[in-house]
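Down below are the structures I want you to see.
In what follows, chain A forms one complex with chain B and a second complex with chain C.
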Partner chain A sequence: MKFIDEYRDKELIMKLAGQIEKAAGHEYTFMEVCGGHTSAIHRFGIPSLLPKKIKLISGPGCPVCVTGKDFIDKLIACAGMDNVVIATFGDLIRVPGSSSTLERERAKGADIRIVISCLEALETARMNPEKKIIFPGIGFETTAPGTAVTIKQCEKDKTDNFRVLSAHKVMPPAMEAIIKEGVDIDGFICPGHVAAITGSSVFNFIPGKYKLGCVITGFEPVDILHAVLMLVNQKNLDMPKVEIQYNRAVTENGNEIAIRYLSEVFEPCNAYWRGLGVIPGSGLKLRKEYERFDAEKIYSPEIKPPEDDGLCICGEILRGKKVPGDCPLFARLCTPDNPVGACMVSNEGACNTWFKYRKDE
Partner chain B sequence: MNDFVTLNHGSGGKQSQDLIKNVFVKRFGIIEPLTDSALVWDSGKYLAFTTDAYVVDPLYFPGGNIGKLAVCGTVNDLAVSGAIPMYLTASFIIEEGLPMKDLIQITESMADEALNAKVKIVTGDTKVVERGKCDKLFITTSGTGFMNTGLEHISTGERIIKGDKLIINGPLGNHAIAVLGARNRLSFSTPVVSDCASLNHIIKKVLDRTEEVHFMRDLTRGGLASVLNELASMIKPGITVDEASIPVDDPVKGLCEMLGFDPLYLANEGKFLIVVGKGEEDKVLEILRSDPLGEKSEIIGDIVQGKNNRVILNTIAGGRRILDNLSGIQLPRIC
Partner chain C sequence: MCLSIPAVIVSVNGNMAEVSAGGTIFKAGLHMIENAKAGDYILLHAGFAIQKISEEEAEETLKLLKEMKDSLNSR
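The block that comes next holds the complex of A and B.
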């Protein structure tokens, strides 16, 4: 299949693995920020292709994993209101809130439907004019433009039963927060699809201010290994910079139309990241002129302040300080069937991928 | 265990197995290992016996409908046990308001498929429920067949040894994606058609020509990965599969990439795994490939010296990882 098979070419993969082996003079730790990368790295068995000297750790780029319990609690509160339908991306339904999940609420009778895009949620609103449809706006710069386009569409056709509960976030402030926490890494494997929207330039501050290398890469094994090789070379030469490996999707300036939509519909706000706390300017909330679509404003769902996660070390995992195997709950009390922390829920979560692919380690 | 049944309990993965074991098996006193058909020894012969409920939504999908599926699925459960399917029963739960022409068309499909599979539908039951009490139409079929002695090891895999080869009879995931496409009105540039088919004839061809079939199982709910994990828990040696050798059609692959699904977990309705003794694989492959239902058969892996009931996947990229049981239903991802 075009755009896939050529990036899964075994010969090329072996060649890259050989070059990495040769170039790796000492120990290196790189953080893959994006959950899509975490999932691809383990799905393709990349760690078994890398020399032991190179460690890849997962960062905060799985949108489900960094979603706070309070967000789930709010959705559950909304789901309990009359005539409300929650139309959500699938990953979210299993994320534990303080005392339940959307999946369990659905089993008890709440109207919770899975959609594969925000526009499909809008379609649900059009088909059910007597209901109020709430779309949980979750995800980074990759998915937020989809929400922005949908809201513009709503405005245009005067759909009045569609709302968004926004937990959209942006990536660079979280990466900066992790650096400031003192994470011990030699460079970032930067998120390919975030960068396809934002452009590579949003990461320029990382080598500039913090002297850490950044390579923006795709999601196939050739992409990932190539990025590792580029980061090893940057480190060896002590020349940190932002490089684009994923040049079939990413440019320096990004998708200007998407960026315009984002800034027209959303404005930055402080946002809570599970495990990282509140990061200034890292969230996206609806601008005042779009308030009538804002579920937060319309319903102000009341919830109790959520308690912390006890023994769960998702926070330290998301900050790259620990690996899932270090957690006392991992694979014992916390499994994909019964997740304690959000990192165990999503296909892209560090704990979920470890559980699926590496639980013997 | 949860306080409520959730859709995960019906996924065919780990939670389904837990539900079956913790709720049903222990109360009914069913003897493990759990197989697709029960084998009952009676008057010098094995009687194979199975039952399955069909609730597919929508009723029609490219390549079949709920009626055809209800016949194929039960025929296949018998056939993979090594039995010759003979008689089926069919019971219908019908929602008030179902167009009569749909009921007739679906019943005709059942009759056609029974003819094709050479089984007889001999009795049945009909219930009509109020609107909203079921979704259009649910069908349950039960089936019986006879099994020749000397094949009883096929459902339990007890003869599997190191060196055996794993074969599947074609590309994975077409049924699941065809149904998903029909349900969500997705359009494909190359149409995806369900592989829904009765496998008893192709299986008989194999059984007639080799005695080295050590295991068979149809790759329905939960897909290849779930069957491999179930098998791994039933036998002592380990299992290794090569991702690159597992056939998946391009449109299925493409949609899986987009939605974050893994084709190894997707349901099929005309595919089965067959484990054969070392040295017999080429012969079996040739038999399978000479049948229209097995043209794209491939050897996909080996029984190996193993540990921990694990299935190991050699990835397309040349890496290695665990191929685990599915936890809950596959959820379309965010981005």
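The block that comes next holds the complex of A and C.
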């Protein structure tokens, strides 16, 4: 298919790898922030095409993985209320909360349905006027505008049995938190689809304030290798800046309509990230005008404070401090069929990706 | 879930479209993009077209990369 095949061209891949080999004068570590990149990097075997001097580490960009146990616990509390239906993206149902998962609650009789978009959750509300539908809003700037559009739609249609429990998050504050933690990196492979919405300018503070390079890239092997080459060149010249490799989808200002939807419906709030703790201004909550669609406000689900994660080191993996192979449970007690932590559940999670492609290393 | 994939618009009906990604048909909300029409390529993300894909820019990037390739070949 167009926009895919050209970016998987073997010859181009090998030439880019050759260029990187030639350009790489010393050691480099780059962090891919987006879980979609983590998954693509391993699926296409990118590490094997790079010289040993270049290390790619994954960051906090898998929305399911950074979602706290308390969010799952709240959903489970809501699912136990009368006539409530949780209409959720499928990724969330196996994520462990403190003592259960949505999947296990469903087996016990809770009404939990999988949808592929927020609009489908709204449709579920329309079809079932006697039920109360709750959509768990997870995801970054790519997913949150869809939730905003749906809430606007809901307001217009006067559907009164649809609510959102928002754990939506925004990327730049988390990247800043990673830098402040002192993770030793030479630059970021920036999230291409987040940037398709936000524009490249939201990353300007990274070279500006922290002197780290940023390349926004796509998800095919040619894109990723091209981005690595650009980052190596930035580092060699000691000229960190924000560059767009993914020109076919990303501009400086992004998708202004989507940004407008976001700012009309949501406002920034502090948010908890697994592994990173509470990051100021990194979450999106519904504005006061939209409070009546806010499941948090309407149902105030009560939960106990979640316990710590035991042996699971997802938190350190999400901060780029450890790799899945460092976890004592990896591939033994924790597998995609029987996940202990969120990083093993999601297709974009580092542990899940390692299990699929690098288990035998 | 956070995956966005390139898809081509097959038909438009108000602010909804049918799009095809590698032969599979999906529904996509067009609320966030303007002047979408059949034949346009978009990024599909969780049931919405989140951005149009620019053919010109795509060609430009590929041209640049191919030129790099050619200069290497001729060395």
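Things to note:
Here, the second predicted complex is superposed on the first by the 361 of 361 C-alpha atoms of A that agree within 3 Å, B and C clash if a C-alpha of one lies under 4 Å from a C-alpha of the other, contacts with A are read in each partner's own complex, and residues count from 1 in each chain.
In this section, contacts are C-beta pairs under 8 Å (C-beta built on N, C-alpha and C of every residue); 3 or more make two chains touch, one makes a residue touch a chain.
Quick caveat: nothing in here was measured; it's all calculated off a predicted structure.
Once chain A of one complex is fitted onto chain A of the other, the partner contacts of A:Ile116 extend to both chain B and chain C.
In the superposition on chain A, A:His226 makes contact with chain C only, not with chain B.
In the superposed pair of complexes, A:Lys211 makes contact with neither chain B nor chain C. Judged by the touch definition given at the top, the superposed model places A:Gly36 against both chain B and chain C. Of the two partner chains placed by the overlay, chain B and chain C both lie in contact with A:Glu348. Of the two partner chains placed by the overlay, only chain B lies in contact with A:Lys356; chain C stays clear of it. Look at A:Gly45: by the touch rule set out above, it reaches chain B but stays clear of chain C. By the touch criterion defined above, A:Glu103 lies against chain B but remains apart from chain C after alignment on the C-alpha atoms of chain A.
By the touch criterion defined above, A:His26 lies against neither chain B nor chain C after alignment on the C-alpha atoms of chain A.
The residues of chain A shared by its contacts with chain B and with chain C are 1, 4, 36, 39, 63-64, 89-91, 116, 138-140, 142-143, 193, 346-348.
Contact residues on chain A toward chain C in their complex (touch as defined above): 1-4, 6, 11-12, 15-16, 18-19, 34-36, 39, 61-64, 89-91, 116-120, 138-140, 142-143, 145-146, 149, 193, 196-197, 222, 226, 245, 247-250, 255, 257-258, 261, 346-348.
Against chain A, in their complex, chain C makes its touches with residues 1-4, 6, 8, 21-22, 27, 29, 31-34, 41, 43, 45-48, 50-51, 53-55, 57-58, 60-62, 65-66, 68-69, 72. For chain A in complex with chain B, the touching residues are 1, 4, 8, 10, 13-14, 17, 36, 39, 42-49, 63-64, 89-94, 103-104, 106-108, 114, 116, 138-140, 142-143, 193, 221, 335-337, 346-348, 355-360. If you check the complex, the residues on chain B that touch chain A are 2-8, 14-15, 18, 184, 244, 250, 253-254, 257, 259-260, 262, 308, 310, 313-322, 324, 327-328, 331-335.
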